[in-house]
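Chain nomenclature is as follows: A, B, C, D, E and F, assigned in order of appearance, with residue numbering initiated at 1 for each chain independently.
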Amino acid sequence: MEIKDLLTEKTVIRPDGRAVDELRPVKITRSFTDIPEGSVLIECGNTRVMCTATFTPGVPRWRKDSGLGWVTAEYSMLPRATAERTDRESVRGKVGGRTHEISRLIGRCLRGVVDMKALGENQIQLDCDVLQADGGTRTASITGAYVALVEALRWAEKQRRIRSAERVLKDSVSAVSVGIINGHPMLDLPYIEDSQAMTDMNVAMTGSGEFIEIQGTAEHRPFSRDELNVLLDLATKGNRELQAIQRTALAGAAS
Amino acid sequence: MEIKDLLTEKTVIRPDGRAVDELRPVKITRSFTDIPEGSVLIECGNTRVMCTATFTPGVPRWRKDSGLGWVTAEYSMLPRATAERTDRESVRGKVGGRTHEISRLIGRCLRGVVDMKALGENQIQLDCDVLQADGGTRTASITGAYVALVEALRWAEKQRRIRSAERVLKDSVSAVSVGIINGHPMLDLPYIEDSQAMTDMNVAMTGSGEFIEIQGTAEHRPFSRDELNVLLDLATKGNRELQAIQRTALAGAAS
Amino acid sequence: MEIKDLLTEKTVIRPDGRAVDELRPVKITRSFTDIPEGSVLIECGNTRVMCTATFTPGVPRWRKDSGLGWVTAEYSMLPRATAERTDRESVRGKVGGRTHEISRLIGRCLRGVVDMKALGENQIQLDCDVLQADGGTRTASITGAYVALVEALRWAEKQRRIRSAERVLKDSVSAVSVGIINGHPMLDLPYIEDSQAMTDMNVAMTGSGEFIEIQGTAEHRPFSRDELNVLLDLATKGNRELQAIQRTALAGAAS
Amino acid sequence: MEIKDLLTEKTVIRPDGRAVDELRPVKITRSFTDIPEGSVLIECGNTRVMCTATFTPGVPRWRKDSGLGWVTAEYSMLPRATAERTDRESVRGKVGGRTHEISRLIGRCLRGVVDMKALGENQIQLDCDVLQADGGTRTASITGAYVALVEALRWAEKQRRIRSAERVLKDSVSAVSVGIINGHPMLDLPYIEDSQAMTDMNVAMTGSGEFIEIQGTAEHRPFSRDELNVLLDLATKGNRELQAIQRTALAGAAS
Amino acid sequence: MEIKDLLTEKTVIRPDGRAVDELRPVKITRSFTDIPEGSVLIECGNTRVMCTATFTPGVPRWRKDSGLGWVTAEYSMLPRATAERTDRESVRGKVGGRTHEISRLIGRCLRGVVDMKALGENQIQLDCDVLQADGGTRTASITGAYVALVEALRWAEKQRRIRSAERVLKDSVSAVSVGIINGHPMLDLPYIEDSQAMTDMNVAMTGSGEFIEIQGTAEHRPFSRDELNVLLDLATKGNRELQAIQRTALAGAAS
Amino acid sequence: MEIKDLLTEKTVIRPDGRAVDELRPVKITRSFTDIPEGSVLIECGNTRVMCTATFTPGVPRWRKDSGLGWVTAEYSMLPRATAERTDRESVRGKVGGRTHEISRLIGRCLRGVVDMKALGENQIQLDCDVLQADGGTRTASITGAYVALVEALRWAEKQRRIRSAERVLKDSVSAVSVGIINGHPMLDLPYIEDSQAMTDMNVAMTGSGEFIEIQGTAEHRPFSRDELNVLLDLATKGNRELQAIQRTALAGAAS
């Protein structure tokens, strides 16, 4: 099945009326809060994630005197981001497996576009807190965290903590989910689709169209090489569009 | 010193130009997120707290078969609500003393206006997550949580989970901070004033003008009975104004 | 209602036969154990708290090179201080909210009478372990911890770790509970009264009659400004008597 | 670059002398220990993982009365599996992010080949403990855990806990790592190669040649669609060979 | 070396002037606190341990419907029982190895004299909290806990929760430490001796002179069979004396 | 009852057909894994423990600049070492009492034969991970850990980290369990016997026949001095045989 077939597949009706290769409406609000060096609210449909970037001089101990910087991320859900209230991980006394997995994913993706030498011995911590969850929270976090990262680097440049924000950024990065629902490959799954997906894939790509992270999981039905190719085409299209929205957001003055 | 003196004390200049007995601008956004039964964003100056109310049938085990409901609260700060990033309590593996103290305070204040019999064996969990902190986060949480609580009770009434939201509510509740800075009693302290306050007091009051909670602490300089009286006058004025804002917010349709 | 009315209120009968404005018998045993720099057993009726003070050179990291000392406190209940055995917090793996709240309260009250400059870069840790609980454990802890603090300062003076114990102490401090039971304001509530109190207030005062901490909570029935005033009168009377007992204990030689 | 090119790329010399598309020697020892329902030692080069499968009647609470079974996995490293001793997670008091991530991956892969209806309300827990680590521990865990799973199902069939082991198994599953080192795509990376890899991918495939999980990460250098295709070709070849070894192991009697 | 030699060994001078086979002064205060079913303060020289016994109907889940009772123990040190303040295990978030080891030892010793059938499905929890530590805290805990256990059983008999306290008690139990210091076997070591002991042994014995627990440890110098025999003679003498003190304490009315 | 009687006691039949004073077959595999400085698999009947020794320059902070080394141990069970799967302590978030107790025991025994001065400021960490448990895991751990310790010291000697392995070792150490089952003293109890034992004793001895640790526990039936003597005779015989096996293993080249 080719991507063209997908586009002409008029009979597939998604719960929100979108075409199979259509993103949900995306809105990026810059300087969402005033205090952090970078602060972004990203909304992908009903999914809303607050992404902040904290710039700190110095790096963790294991990286000292390397001349290299470090970028790390933490993801978390507010208790009522979900339909059923989730207990706070602070109250349960430990960070759960899913949270760990996503935090690590976000960190790797953002590190993938940062030139650690140009950053110097400085650390950027990205915090992605999900205010409302409707599928795709981890990919929205990556897309939003990139904008917060750029804000923080611009701040650091102005503060003369780094020489040039541009030189630190090797590329841009965004991420989107794709999946197969009832045999139909689809782009950007909200919760209702995600929970029915037999195959679910998160794809992070750079502005120049290469992959930083592919996580495809098919607990419910394995997928073929052909299906993989269609999913990657959809993800490529989605990421290209998300990157245009990132560029627009970053071109404007911070709100 | 009488409250009149305070009002005529023209020479006192606060960093943000307010009079000593003046609240910061307050904004209450209802239905801030779509999923919870009650969801409110309260902004008091630069302090912003997201308050959600979760309505669940049933009560904790120790309260079963009592015919009574239960109301509880959890407070938390996002890592970059503050100027310096605070480590997540989930990552540190335990809830800190300050968080515990504030969560318990919010819970007591809200329980103070709820008729547990009228609520029946249902539980309401209030989550107050500070998106940005500039002093008075615990009092803003109480004031905002009350509005979220009312939203949740109205929802429960519509869903016929309770007979009447109005009967559950014995009264309304709001809270405000007062303090003495350089000898001057003042209302509603932002962080810059709070950190200089010799005496700091949080006062939660009902709509009918009675006290639900008074927490006055004077680690840096004890306060006299007279000073206490001036502070209580200021708190009474502030709470009266906050309750008017609550009423207006609750009169409008949810956004 | 005036305090005079209270005293003439002959009809109010308390379970232990006390007048409404009467403290339970208080006994302070100094040098209760031999090892700590300060060690006190305070008994208020059936409530018994062991308070020790540990003097250590040096201060926590965040206070280094400030020239200032530090005072901190930890409160804990032995498992069978209560009628039903309480699980140990060490076994549960975390300090509970109530314990945190009380530890912080005791610390603030004691810091409120200490001149940190005169203490120099030394730390005093107060440990309040409740051997038996019958209401008022947090206020007994404050009253007893003050005596242990003085013992430790005198020890430090003798050891020439500080110049003068007297100069470190800006004032003395004690605390007492007051509350409203069935509409009657009362002083120093044992457990049986405390559990029925509609309003419950803990008041820490200095020897010179000023407030260091007021914590009034009225989860069950809000209280009016007039009631507050009666409660504060009762607390003032109680604290004055407690401070006389502290003085007597400190005048004698350590047992 | 095509897979053919890779095979003819004679100049690439790997530290252990293997061809770029060659697996390390694999050895699967069945019934490695006597107690568990399934127990396997898998050795991939110097990597050694002990995989046990525990069959228990009943399922976790959230799955009760669904008629469906459940499969879950836990991964762990012994302290001296690695060159530098790693502190035990039990001693540190929490499971780390990496461990969580891998445990979840193994669980998903194994669930991907199990027919939960045919398993009935029974649970299989897979424990993968790394005795020695030399790269590819997570993929070895998946490959070994599959054999332990089959052993446990055969046991359950003999014990008449399930009707037929064969019906529970929808397919077989194995996994292998691939990566790009200095621009050369390679199969089955030992630690020395893994630590130099710019791109690293773990690919779990079914016996029928479909994907269950693809996790490609390119923190150090993004990869193109063409490179992805070569990596997937290598992984397909590797998995096909691993599955032959699994079949041979399962054909023999348990040692 | 025979025990006789020991007794004539006049030249050995212990820091506190005792003979090598002499116990420190022992004092057992019954009903030390009022609330628990059993409450004892035991003082062995400067070591002071508060031992409480909690009687609860019912047993832990794993013992339900067995018709048997259960006895368990928890040991803990107050922070300033020791010369240097020890951090609370609740604050550190976990129970340490030494505490675990001692709690388990106390539990085993007390279970060793209880007829679980005669106890019926009831549980007794022994809490041993060290107020002051000067060596031998674990043996003092066992000796004191036995008296608290008897108090609790007598209470239970009076309350008709058990038929007969006497029938539950198969025997009495006490414990004492012995050790070898500079080649001299000695009874009942205070801290100063304990810290110099090359060999250290804790011996719990029944009233009828049999062993319930022997824990000999010789990290610093192994000991011979002959030395062991002398140590056991000393322990037998010490335990016989401790049991006489227990009997006297239990014969009197509770204070 | 004398040891001779035991040997002639022909009527006692043990589940595995052994004589009462006979060890289970013991097998020590050296260099079981390649990475650690010492690595041993010890099998005592069906009990199998992997013991590794990690040599690290430097000592814990509290021992710095003492010129002395340190030896410590950690014991753990894999989840399916036992018939019923045991939850991982990492997942439960804390190390249990039994684990703590055994880890401490192993550490003390090994320290008992090490000359800390000759070791110098180096640390050896022993990790004993039970792959399969059939009684006697703690004694097998001690016996195996000794061999791993020697391997690590020989490695350190070759690496010139220490002057001489031989000088560090003051003696050898092994351990074995003994117990009384139905009145019959027996050597080396497998699980089935251990669970029936009224008295259970673990005895660690040096090569020169002295005791390093005796832990006898008689929760179910106290034991007499005579019984103790028989048990110690059995333990002495068992340890002598284990030490012969250790010597043979250490004489051969590492596998």
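We take it that contacts are C-beta pairs under 8 Å (C-beta built on N, C-alpha and C of every residue); 3 or more make two chains touch, one makes a residue touch a chain.
Predicted model, so just to flag it, every value in this text is computed and none were measured.
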item: For chain B and chain D, chains touching each; value: A
item: Graph separation of chain C and chain F (steps between touching chains); value: 2
item: Partner chains that chain C and chain D have in common; value: none
item: Recurring contact interface, reference E-F, options A-D, A-B or C-E [over half identical by residue number]; value: A-D
item: Chain separated most widely from chain C, comparing mean CA positions; value: D
item: Residue-number overlap at the chain A/chain D interface, same or different (half cut); value: same
item: Fitted rotation between chain E and its twin chain F in degrees, CA, nearest 5; value: 180
item: Length of the line joining the C-alpha centres of chain A and chain F, rounded to whole Å; value: 52
item: Averaged-CA centre spacing for the pair chain C and chain B, given as whole angstrom; value: 28
item: Chain B-chain F separation of Cα centroids, rounded to whole Å; value: 60
item: Per-residue overlap in chain E, given as positions that touch at least 2 other chains; value: 93-95
item: Topology of the chain contact graph, where touching chains are joined (line, ring, star, complete, other); value: ring
item: Chain order around the ring, beginning at chain A and proceeding next to chain B; value: A, B, C, E, F, D
item: Touch list for chain D against partner chain F, complex; value: 33-36, 39, 46, 48, 50, 52, 54, 56, 74, 76, 78-83, 85, 88-95, 99, 125, 127, 129, 131-132
item: Complex interface listing, chain E residues touching chain F; value: 94-98, 100-101, 103-104, 108, 111-112, 171, 201, 205-206, 208-220, 222-225, 228, 232
